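Shared between the two complexes below is chain A, which has chain B as its partner in the first and chain C in the second.
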Partner chain A sequence: MGLDLSFFTWDLVKNFLVGGLVFSVELTLIAMAGGIVFGTLLALMRLSGRSWLALPAAAYVNTMRSIPLVMVILWFFLLIPFAIGRPIGAEWSAIITFTAFESAYYSEIMRAGVQSVVRGQVDAAYALVLTYGQTMRLIVLPQAFRNMLPILLTQTIILFQDTSLVYAIGAYDLLKGFETAGKNFNRPVEAYLLAAVVYFVICYTLSTSVKRLQVRIAIIR
Partner chain B sequence: MPMIEIRNLSKWYGAFRVLTDCSTHVDKGEVVVVCGPSGSGKSTLIKCVNALEPFQQGEIVVAGISLTDPKTDLPKMRARVGMVFQHFELFPHLSIMDNLTLAQIKVLNRGKEEALAKAMTLLDRVGLRDQAVKFPGQLSGGQQQRVAIARALAMDPLAMLFDEPTSALDPEMINEVLDVMVELAQEGMTMMCVTHEMGFARKVAHRVIFMDRGEIVEDAPKEDFFGKPRSDRAQLFLSKILHH
Partner chain C sequence: MNFRWEWEVFIRDTGGDETYLEWMFSAWGWTLSVAGCAWLVALAFGAVIGTLRTVPSPWLERLAIAWVELFRNIPLLVHLFLWYHVIPALVTPLREVPSFLLVVFALGFFTSARVAEQVRAGIQSLARGQRYAGLALGLTLPQTYRFVLLPMAFRIVLPPLTSEAMNIIKNSSVAFAVSVAELTMFAMQAQEETSRGIEVYLAVTGLYALSAFSVNRAMALVERKVRVPGYVGGER
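For the complex of A and B:
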């Protein structure tokens, strides 16, 4: 069986892939932004030294990190409509699920980041009479974020790959676009092969840029 | 009334007692040098004064306000005392200017103009006016510590605490920092300095406190500390650090 790539035309890209790619990127960016915000809050809760904040946060993070993502996607898809009392599209369900799930991973990165800022910085901030909130917001988190930037971006690349799991609830992402095109032209093998190439090119380019960024940050410091 | 008064201070880390019944005071305009072998509790003592370290027993009163009084507004108290750290602890992600203005604006609610003017005056004073736009990582250790002193002074403290301000510095940079401290002392600033720079102590200190194993072993006027006979432990310590 030879490979026939002649079905892969600009029209196909326009009709099947662009919409999927836009959703995959949207999902990645929203889940990243939301994940970093909620993840940072979770990290601060765990580092607060108050068990009524730390324990729930730890339980949430450990639970999310111990369940396969596909299961979380399916469960949220079934549970969210039940919880809010009306149906919700696969796209919105995916956005909520990924934000909730990725928060757990980003939280561990931010926790390590906060711990990477030396104790003396906090002492210095307190000695200047900054409050706990100001110390975190102005002194600790900016440094933590900068220290962890390469790892945060690497996690985002993994997140982009993981968005393909929304096939489980039928959301239309980049992979689904390839799958649909493959079905329409009766070329599933070629379609999946091209999908792999596109994912590879996107992710490889991104991880090379992260590496370059890492070098630049290393020089600045 | 002393500016800083420490009464029967004791502190434990778990079962380990780091400070035992320490009492001393620093009067207004007085310069007190705290020395002693490493692990003797000097840094812990000075951090207690700024409420950066909690303590279990005793009392500290700064400018008439007790740290142990539950009604005391700790932040307000801290604002009266400036602190300089061994490792400078400038904020590396902020420019020198932002390091000096941040707390002025956020804590003292000064306007930006006023904070900038104050910062420039202080930078000028420590001889680093032209470094304002740089970042801490671009400065030498000695320059960073001078900026750190300026940053503490920007809050108009009533007293300054120094926690081994020169021990992380290369030898050739120690004097530029000590010069700033000497000038400060001569202007009448109340200072409590943990340091092994006995030259500095001889020059500007009024009293020297010697600590060992968490206790204040000797608390004497400078002349007595360096002159007359004193405790064996202090003598041994001095002979070790002075004989070169």
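For the complex of A and C:
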């Protein structure tokens, strides 16, 4: 059979795709921001040297990392209404799930980042009578963040790809938009092909820019 | 909150002459076979593509780069839909192929790009002298790869390959989207039919964790078996 792309019009983009794309991007950005904040906290807990902080953080991170994301999505979709006592939409459930899930992955990156800061920096900060909080906020975390920036962004590209898994709970994201359009116009084959092209263009552009950034911000030691 | 455990759900009949427990174990079997077969595809293609990225031929290298970028920049679920909806529509003979095989190739090719990157890194981490020594001994380039470079490279990249092998078990869960009767599909359907989501999800999550852990141990065993004395973590 031949491909027929004539159904792909601006109206279709407006009616089916824009909403999905906006949600996918929103979900990615919120989960990235939340994930980096909570991930950094988790990393600091694990590096604190106090077992009552380190153990729960390690348990959380390892549990999240050993379960398939689809199962995590299903778990949260089941448990959140149970916990708050009323139903919650698939979109909100996805936002909470991805923030919680990505925190575990960002935390491993931030942990490596903090450990990449040379010991002398911390000693110097303490010698200047900075508190632990000040040392972290002013000395260690900015350097950790900078060292890890390319990896954090690469993880965000993976996160953007993973958002397509909200398919499991029927949230309306970019992929769902293509699928719905394909069903409505009875052109599923072309719709899935276009979805692949759009994801590829977005992710390829982003990963190329991350590579460029990596070269630009590399610290010459 | 008044929640009561109801593990009896697993001995309940599904209405199809089996209990939910039996259904779950057959689903586990599907998960393991999808992941296992896809892993073989990923290893085979990953080894070839990863090797091609290091050979002295710009065209082969470009081909390998294209392969890796293609699979790294499109979400797995979209790949799955390409294999399930698009390719059989364009290549008619493939319409007879069961969805199990389509999932195996989608997941296997997707993972092969990651394996290829590891293999490439492994080959590039070897001292340049190894390649020259092989060629100087009169081995052809393929022989140099076969007998000198790849055996060492694979040993070096075993640890990252272990995490890829664990990832492939987790990633096999997307097969639910094309109705392969694996664990995630079971979890969704059983929770719908029985409303005992927590028990069902706990059991399924446990099986995923158990599978990933077993893969981890199995790969550790392989790592011990194949290590070279005096090299790459051989003698401690």
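The rule is short, and it goes like this: the second predicted complex is superposed on the first by the 218 of 221 C-alpha atoms of A that agree within 3 Å, B and C clash if a C-alpha of one lies under 4 Å from a C-alpha of the other, contacts with A are read in each partner's own complex, and residues count from 1 in each chain.
Assume a residue touches a chain if its C-beta (ideal position, glycine included) is under 8 Å from a C-beta of that chain, and two chains touch if they have at least 3 such contacts.
The structure displayed is predicted, hence computed values, not measured ones.
Visitor: Using the touch definition from the top, say if A:Ser66 reaches chain B (first), chain C (second), both or neither.
Guide: A:Ser66 sits against chain C, while chain B stays out of touch.
Visitor: In the overlaid three-chain picture, which partner chain does A:Tyr132 touch, first (chain B) or second (chain C), both, or neither?
Guide: In the superposed model, A:Tyr132 contacts neither chain B nor chain C.
Visitor: One more residue to check, A:Trp92. First (chain B), second (chain C), both or neither?
Guide: After superposition on chain A, A:Trp92 lies in contact with neither partner.
Visitor: Quick one: is A:Leu193 in contact with chain B, with chain C, with both, or with neither? Answer first, second, both or neither.
Guide: Touch status of A:Leu193: second partner only.
Visitor: Counting residues of chain A in contact, which comes out ahead: chain B or chain C?
Guide: Of chain B and chain C, the partner in contact with more residues of chain A is C.
Visitor: Is A:Pro142 contacted by the first partner chain B, the second partner chain C, both or neither?
Guide: So A:Pro142 only meets chain B here.
Visitor: Show me the residue ranges of chain A that touch chain B in the complex, using the header's touch definition.
Guide: Against chain B, chain A makes touches at 118, 120-121, 123-131, 134, 138-139, 142-143, 146, 220-221.
Visitor: Considering only the defined contacts, which chain C positions touch chain A in the complex?
Guide: The contact residues of chain C facing chain A are 1, 69-70, 72-79, 81-82, 85-86, 89-90, 166, 169-174, 176-177, 184, 187-188, 191, 197-198, 201, 204-205, 208-209, 212-213.
Visitor: Name, in rising order, each residue of chain B that touches chain A in their complex.
Guide: 47, 50, 52, 75-76, 78-79, 81-83, 85, 87, 89-93, 102-103, 106-107, 137, 151-152, 155
Visitor: How about chain A: which of its residues touch chain C in the complex?
Guide: 1, 66-71, 74-75, 78-79, 82, 161-162, 164-165, 167-168, 175, 179, 188-189, 192-193, 195-196, 199-200, 203-204, 207
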